[in-house]
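First the structure, then my questions, so here it is.
Think of it as A, B, C and D in the order they're written, each chain with its own count starting at 1.
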């Protein structure tokens, strides 16, 4: 039996989605002429500004499209579901985002994305666009600490892209934008839990199997297996398991400040996310860590997967300024 | 087998959710002292302004809490999951929202809500707060045209509350606020489709049954049966079925303007919603109806129910001004 | 048993709470068919709150009206929903019907019982035949009144009420809902018992047991 | 069959596309175990796009390099993902290896085949033993080279390549993934065949059939 989806034709789903997005948000988003999978901020790129190009597979909405807008990303290249875009639309984004001051490529650390974005960067260089790449690696569950470069990028993109976008919008130098982007990634820690799979529009079959009373801690946003599978626990126990690992890495001191993102992987409703946020706050209060701002909702999804992630973004003065810097995106509010 | 939820104790879920919401959004929301289910806009009520109190059962987040903020609702009274709040927290909201110019009660038209809000209105009258009530009845599937007063209020609350909130924020008279609220309701048409049930935190069992290849057109946001159950169709066919009914009621002329809300009932992802929006636009373009603004996402949910609704809000100059009037709510952006 | 003290009323409410907890799942399932699947939760929560509130008071320092009023208030605040105002009004009317009494005789109790049905009707404005709890409560109140006027003992009065409630609830299967959530169902509500009528039977049965065994 | 014309290459790609469509679900299922369940979609999409692009060109007015380049480009643009750059690089290298030829003799074809494996390695930087498509492609290229240097006919060269690819794919079950999505799985990737290695076998089998039956 196929899973239920409100679609027409699985192989057309991404393009039809983009049609619907462009129709819905004409004040924020436009397509690059002739490159329908390259989406640009109407009010984004400008001369002298470092351009910010993000992108990756579809199915994570509002990531990446939702993060395109003034003060955040200038353009996003959109792939098939859970598949990196090919180099061409990335290159078109780079051209559209380029203001002559260099272009940052930022995306989650996945083999496919790295290959395609690298090919696009080479092609951009031939067009005299200097590209630098900052990979996000916020998923602390995806590799041990001594292999941080192998970690995946997940919901923490929200903060990582946000800081970089603010740095670009403030017309900082290419070096500074890159530095801030890297620093933001280093200050961002995510951990997720999955309860039920999603299904791809083309297959309409669950993309992984999980017992009716099981959860998987650390599972990736494409259903990549995590670090432990076991019986479903309470919201507090799940949140604690994630925070233990995050706090262990972050090693905060009393008086530190963070921003929080409690993110739904798709079908986990706000009620459950806010119950988790309550626990996050209890834990942070206990150790004297202050919370500067909190986002709760669907920010980095895996279609209709059930589960959630918690991201802590450790702030210093600079990162806080970047976070508070205004941005104007179609799908959410921040700054 | 119980459904999977990230909760602690089903009977504490609503209160723990509210703890998490207040922790996340201190700049927007606060609780009425001593009445933990009464949530007030930090920056909302003020002397001389008509107060706007909304409310209803939990499980529809970001409805109703998300609509509390400057320029929208002053306060929301929160019930158990899918259950009207009792009169006491509604009364406390009325007191908190009252600026001496009268208080509007606005909520979806459900027997339970009507009884509880009416009792609260009587109690408010004893406290010399004049209350008037405007019920939302935007669900065109829920009763035939000759029984509009029996219709349910669903996702169209977004527009209906928004116009009323703007009227209140503009310091219009009680009569004017009430008139605009009623007019906005009369100009709002919603129709939904459900694909899979949700489950209540206390029962952890699906709240209705539906075949693995079935959908139900017109189903209500608490799983109330709709007008037709049949095999799942394509996004375009589903959208057409909903629009046919909506447009038949709205009877637009060429040149009319509308705002659109394509809303997820919970687990239906943005990809599917935007595919639907694409079709809505095709249909409206075909009949020469202009689109002033579009919202797509989770605005009125039924926990993790799968399905979506389409709302058209027919604009004239006045309603467009109300829609464009700024508001500042925790969970979304509008105006 | 000829007089009903506040202590008996309190234990009667505690029995209602117990029965409702056991009946919760069935009522949710019934509500799932024609409503929103929460009626058992509401009734369990409501009478659970009543039991807890009443457990905190001293039966020797209160009167029946106060017991009914406290029950009404705690039910309402715990529940909201449709059942909240309906049962809260029922209980407040029962309290009003026996105002000034320190204990209740059979006539007082039957009057309180009938006031409950009247309260639900006044609050909900439903008529018999609209597939609501009214279809159990109204025949039950009438049967109690008839049995009472025939001079039957309280046990038999309540037996008659229960039988009438059961028949009334059964009859809702043949009705098309006209009030509440299920009223938008039309013909599709046919064949299913109204959950509020079903829980009314549970309440009335527990009242009977609470009084008979006192 | 001693020379391979552009027309034969085009029909070979069309056979790959056909085989991949039939294999799509199995490949998605394999990817579902250790990856993100889309590998069959990518391969089907990619070779489907190759077939469609090649169907539009005139075989008599093109050369093998142009065929491979068009295949590379259409695969890449349809797919992205990991398979896109890997197969696109493979196909471009194949095209480069036979630059200037109007038809391919056996030696040309084997050189193109080996260039594909080299291209995948250069692009993905994976070593044999890291549980990727390399574990099928590299042994296949080596086996083809050996058979070719032994003077075997092309049919047997490709037979040898296919057998080596099958063995290589089978061997990935015993490997712990070190590249791509599944590299975060650690020990949990043991026991499962790598989907990219599995699809490499499908590609190589279809190449063999396309050439042998030409």
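A few notes on this one:
Here is the rule we go by: contacts are C-beta pairs under 8 Å (C-beta built on N, C-alpha and C of every residue); 3 or more make two chains touch, one makes a residue touch a chain.
Note that the structure is predicted; figures quoted are calculated from it, not measured.
Look past subunit B and you find the other chains held together by touch in these sets: A, D | C. Of all chains, the one whose mean C-alpha position sits at the greatest distance from that of subunit A is C.
Separating the centre of subunit B from that of subunit C, both taken as means of CA atoms, is a distance of 32 Å. Chain centres here are Cα means. That of subunit B falls 54 Å from that of subunit D.
As a whole-number value, the distance joining the C-alpha centres of subunit C and subunit D reads 74 Å. Counting partner chains per residue, subunit B has no residue touching two or more of them. Chain contacts here run in a simple line, from one end chain through to the other with no loop closing. Touching pairs of chains, sorted by label, consist of A-B, A-D, B-C. Within the complex formed with subunit B, the subunit C residues making contact are 25, 28, 32-38, 40-42, 45, 76-86, 123-124, 179-185, 188. Within the complex formed with subunit C, the subunit B residues making contact are 11, 57, 79-88, 110-112, 115-116, 119, 142-143, 150, 152, 200, 202-203, 205, 207-208, 220, 222-225. Chain contact summary for the complex, subunit A toward subunit B: residues 1-2, 4-9, 13-14, 16-21, 23-25, 58-59, 61-62, 193, 195-196, 198, 201, 212-213, 215, 232, 234-236, 238, 260, 262, 266-279, 281, 291, 294-298, 301, 303-304, 306, 308, 331-333.
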